[in-house]
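In what follows, subunit A forms one complex with subunit B and a second complex with subunit C.
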Partner chain A sequence: MKQRTPVIVAAISGFILLAAFLFQEFTAPYLGLVLNWAIIVSSVALLVAIASLVVTHIRFIVIGRKGFLYSIVLVVSFLATLILGWYLGLDDPDYLEGIRTVLVPLENALMGLIALILMSGAVKIFRVRGWSILTVSFGLSALLFLFLNLGFLRFDSIPGVNVIVSNLQRLPIIGARGLLIGVALGALLMGLQVLFGQEVMRE
Partner chain B sequence: MSTVDLLLLLAGLVLSLMVFSYLLGDTLLFGIAMYTLVGVSAGFTVLVLLQKVILPMAISPLSAFPQTSAFLALVPLLLSVLLIWMLFKKTSRVSGIPLGFLGGVTAAALIIGVTRGTLVPQLLSIVNAFDPNKMTSAGLPNWTGIFEAFMMLAGVVAVLFVFHHQKVKKQKDAFSNSWLDGLTGFGQVFIGITFGAIFVGLFSTGLVALIAYIQYLVDFAGLW
Partner chain C sequence: MLTISLSDLIAVIIVGLAVVIMVLVWLTNRKLTSEPIENVAAYDDIEALMHRSSEEGNALLVGMGEGFSGQNSNLGDSVGLLVEQIVMSRSVFNDQPTRSFSGDGALACISQLVVHGAYENAMATELFRSDHSGLSGISAFAWMGGMMPELARKDNAGLILTGAMRPEHILIADLAERKELPLVAATGALGAQAAFFASGSLVTLGEDYYLPSIGKVNQRAYQNQAKTMNWLRVIVAVALIVSALLKLSGVLP
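Now for the complex of A and B:
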């Protein structure tokens, strides 16, 4: 009973947006307005989430919870970025250069680390899941595409091999298409369940 | 190179070395690097949201007060206040209203986006493979085109069937049918091939980043 209000609000706003989208000829200005409202509210939701994160870490520092050093790092870096950005302005080149100096090396280093972790993960998959159709086809495909993507060998000059290679390169499209359709059907079903209130009723 | 540039380069080097300390099992430096990333990203996100969304889209329209646009701007503002109320009282019933609004709008956008952006184009591309013009060439059957079209259809059906069959098999342990198991295996081959190709794409990107980082180290060492 307590959950009825959000379910009704979700259903009404969802159906209005769907109707506005389907009859765009008459509802175009309202569609833009509702979408603008959604952008503002979702931005505020993100701000609330970040505020909640920062408040939680401040609480960890106050009570001296284990690993509160990390919380200090998070709160200091958050406040420094926010205060400096507010004072200097979001478009200030020095501020943006400072942000880039922190974020770009961290992201690049993480990406490099991912390459090494993926390598060990690929070996681990055979140990954890054993030899099955899925793992063998995954391993063979990974080896084949790694070999093809390295570009050590050129197949342009050999007509027969060229056709085989181009057909092999199209094989992942079949699986990707099946996975995309599966995910899309799942998302569609979930969206309809939210609109009809079934997602909440089931809980 | 100026002193500021050198300091920025040094800061970047230290931060990336802290990330790679993960390989030595040093979780303290890695943790500091990760929490710095989260803190800076969160601070920058808050700033962008405030200066590019909240102030121009929600606060500024209020200045034109007797006009309709100002009254319309009150609606998201009210919803935002109800949402912020959640920070102080987590079990508040009124906070459910903006969340419900967001849920409904997201669900509707999901239905529209998924239908028009994914489902219809993907299904059409399968149907278009059976286009008679693609299946014939100069009045004769184009066997490659026919094979590709049927392979595409069978592959997609098999991949979709994998998920359904796994779910049914979990529900009924004893259920086994060689024909259905065969179709599932066929689907698993395509899933494996796709994941293998995606893995290689990710791995190559990571490798390029790693090589760029090593080059960065070499360049830094070359300064002296």
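Now for the complex of A and C:
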């Protein structure tokens, strides 16, 4: 019974919300209210999780765990951001500019690194997974659509070819939609399993 | 008068159809007489990783993804938590504890409940420590940044990524490869699936992610869900072909 009560509560809430989403004409105000509850609960959860993260890293520093320098950086930057945000206010332009000055170059550098790794991954795929229909078609289609979407190919004088190229450019979207239908079915079934409480009845 | 839009009506029909097929499959599948559907390869590899972790006495890491941050639109985290629960329930008594890292506050809290529940079920709450499961950052990049130093440690047996991921998380796969650490990536995000496929790690493709069954755990639910999904696939394919034909013939506007 101890395990079943939360499942029953979750299932009833889930079904009510599902019905409320489908009949929004009547339930729109209640949906807004429930959404606000969700935002409040997730904000509190975030506070708890951040507190736990900081405490964990302070413990790493105290016991001198290997790599505790990262923990020092985390705790110092967290405290600096928190105190400055408290003192200057979250809308202060200098505060926002300061955060942006740190975040934007870091994220850009990371994106550059990711681009390089993706490129090396495209080369490595044949070494790692071998030459198969799947890998060859994956590599060829990636190259083909990369080339097509660069916009170098222009056939303005031959309208027929232009139509074929633009149709070809839509192929990845069509494929993604096909995959998304499958993913949506999977997500739907997983959601129903949770609602019916089947997820907790594993052997 | 109750009115409902066409798209909502289609949604109601699909949900109703899924419920009916689920019930029918459950009723016909009560005795497992027919040939069972094989497990998804990536989930089987998670079991191999769990064995390896307990034999080598090294830690298993679980990356839970960016969670309920509102930047993704799938139910991936629910599956991720299910995978985490299965992995944790079978690795409580390992020499090195399995540790999980979440990219969102709500997910981190639920994940900690899941981990604590696994220790409680094994009647070993004295072994549980709050740093076995926690937040490593509150965005996709911060989560990745918090995970990577843990990945670089020597006493790891493998890494399981499960939940909502992005193609950018290929950086984790790259580091795991350089550290010669086996990686299984189970995610429902298509972009991330493509990126992890290119990286050479074990990955769930398409809707495989929604069929979690590790070894014999969750087997009955998996069999039912796989069969229901097969039936739904057939129905959706037929419906799409019929509507395309109706559209071409001008019957549908």
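In this section, the second predicted complex is superposed on the first by the 191 of 203 C-alpha atoms of A that agree within 3 Å, B and C clash if a C-alpha of one lies under 4 Å from a C-alpha of the other, contacts with A are read in each partner's own complex, and residues count from 1 in each chain.
Assume a residue touches a chain if its C-beta (ideal position, glycine included) is under 8 Å from a C-beta of that chain, and two chains touch if they have at least 3 such contacts.
All figures in this text were calculated on a predicted structure; none of them were measured in a lab.
Novice: Put the two structures on top of each other at subunit A: do subunit B and subunit C fit, or clash?
Specialist: clash
Novice: Identify the partner contact of A:Phe138: answer first if only subunit B is touched, second if only subunit C is, both if each is, neither if none is.
Specialist: both
Novice: With the two complexes superposed on chain A, say which partner A:Ser42 touches: subunit B (first), subunit C (second), both, or neither.
Specialist: A:Ser42: touches subunit B and subunit C.
Novice: Examine A:Val73 and indicate which partner it touches, taking first as subunit B and second as subunit C; both and neither are also allowed.
Specialist: In the superposition, A:Val73 touches subunit B alone.
Novice: Touch check for A:Gly32: first (subunit B), second (subunit C), both, or neither?
Specialist: A:Gly32 contacts neither subunit B nor subunit C.
Novice: Tell me which partner A:Leu185 touches in the superposition: subunit B (first), subunit C (second), both or neither.
Specialist: both
Novice: Looking at the overlay, does A:Leu17 come into contact with subunit B only (first), subunit C only (second), both, or neither?
Specialist: first
Novice: Let me test your reading of the model: by the given contact rule, A:Ala109 touches which partner, first (subunit B), second (subunit C), both or neither?
Specialist: first
Novice: Count the residues of subunit A touched by subunit B and by subunit C, then name the partner with the higher count.
Specialist: Of subunit B and subunit C, the partner in contact with more residues of subunit A is B.
Novice: Looking at the overlay, what does A:Val128 touch: subunit B (first), subunit C (second), both, or neither?
Specialist: It touches subunit C, and subunit B stays clear.
Novice: Tell me which region of subunit B runs into subunit C after superposition, given the options 75-83, 129-137 or 183-191.
Specialist: The listed stretch with clashing C-alpha atoms is 129-137.
Novice: Where on subunit A do the contacts with subunit B and the contacts with subunit C coincide?
Specialist: Correct list for subunit A: 18, 41-43, 45-48, 50, 52-53, 55, 67, 70, 107, 110-111, 113-114, 118, 122, 138, 176, 179-183, 185, 187-188, 190-192, 194.
Novice: Residues of subunit A touching subunit C in their complex?
Specialist: Subunit A reaches subunit C through residues 18, 22-23, 25-26, 41-43, 45-50, 52-53, 55-56, 59, 66-67, 70, 107, 110-111, 113-114, 117-118, 121-122, 124-125, 128-129, 138, 176, 179-183, 185-194, 196, 198-199, 201-203.
Novice: Contact residues on subunit C for subunit A in the complex?
Specialist: For this pair, the touching residues of subunit C are 2-4, 8, 11-12, 14-15, 18-19, 22, 68, 74-75, 78-79, 82, 86, 102, 104-106, 108-109, 112, 130-131, 134-136, 138, 141, 149, 153, 167-168, 170-171, 174, 188, 190, 195, 197-200, 206-207, 209-211, 216-221, 224-225, 228-229, 232-233, 236.
Novice: Under the touch definition given earlier, write down the residues of subunit B that touch subunit A in their complex.
Specialist: Within the complex, subunit B contacts subunit A at residues 8, 11-13, 15-17, 19-20, 22-23, 28, 31-33, 35-54, 57-58, 72, 75-77, 79-80, 83-84, 86-87, 93, 96-112, 114-115, 118-119, 122-123, 125-126, 148, 151-152, 155-160, 163, 185, 187-200, 202-207, 209-210, 212-213, 216.
Novice: Applying the document's contact rule, which stretches of subunit A touch subunit B when the two form their complex?
Specialist: Where subunit A meets subunit B, its residues are 2-3, 5-15, 17-18, 21, 33-48, 50-55, 67, 69-71, 73-82, 85-86, 90, 97-99, 101-116, 118-119, 122, 132-146, 149, 170-172, 174-185, 187-188, 190-192, 194-195.
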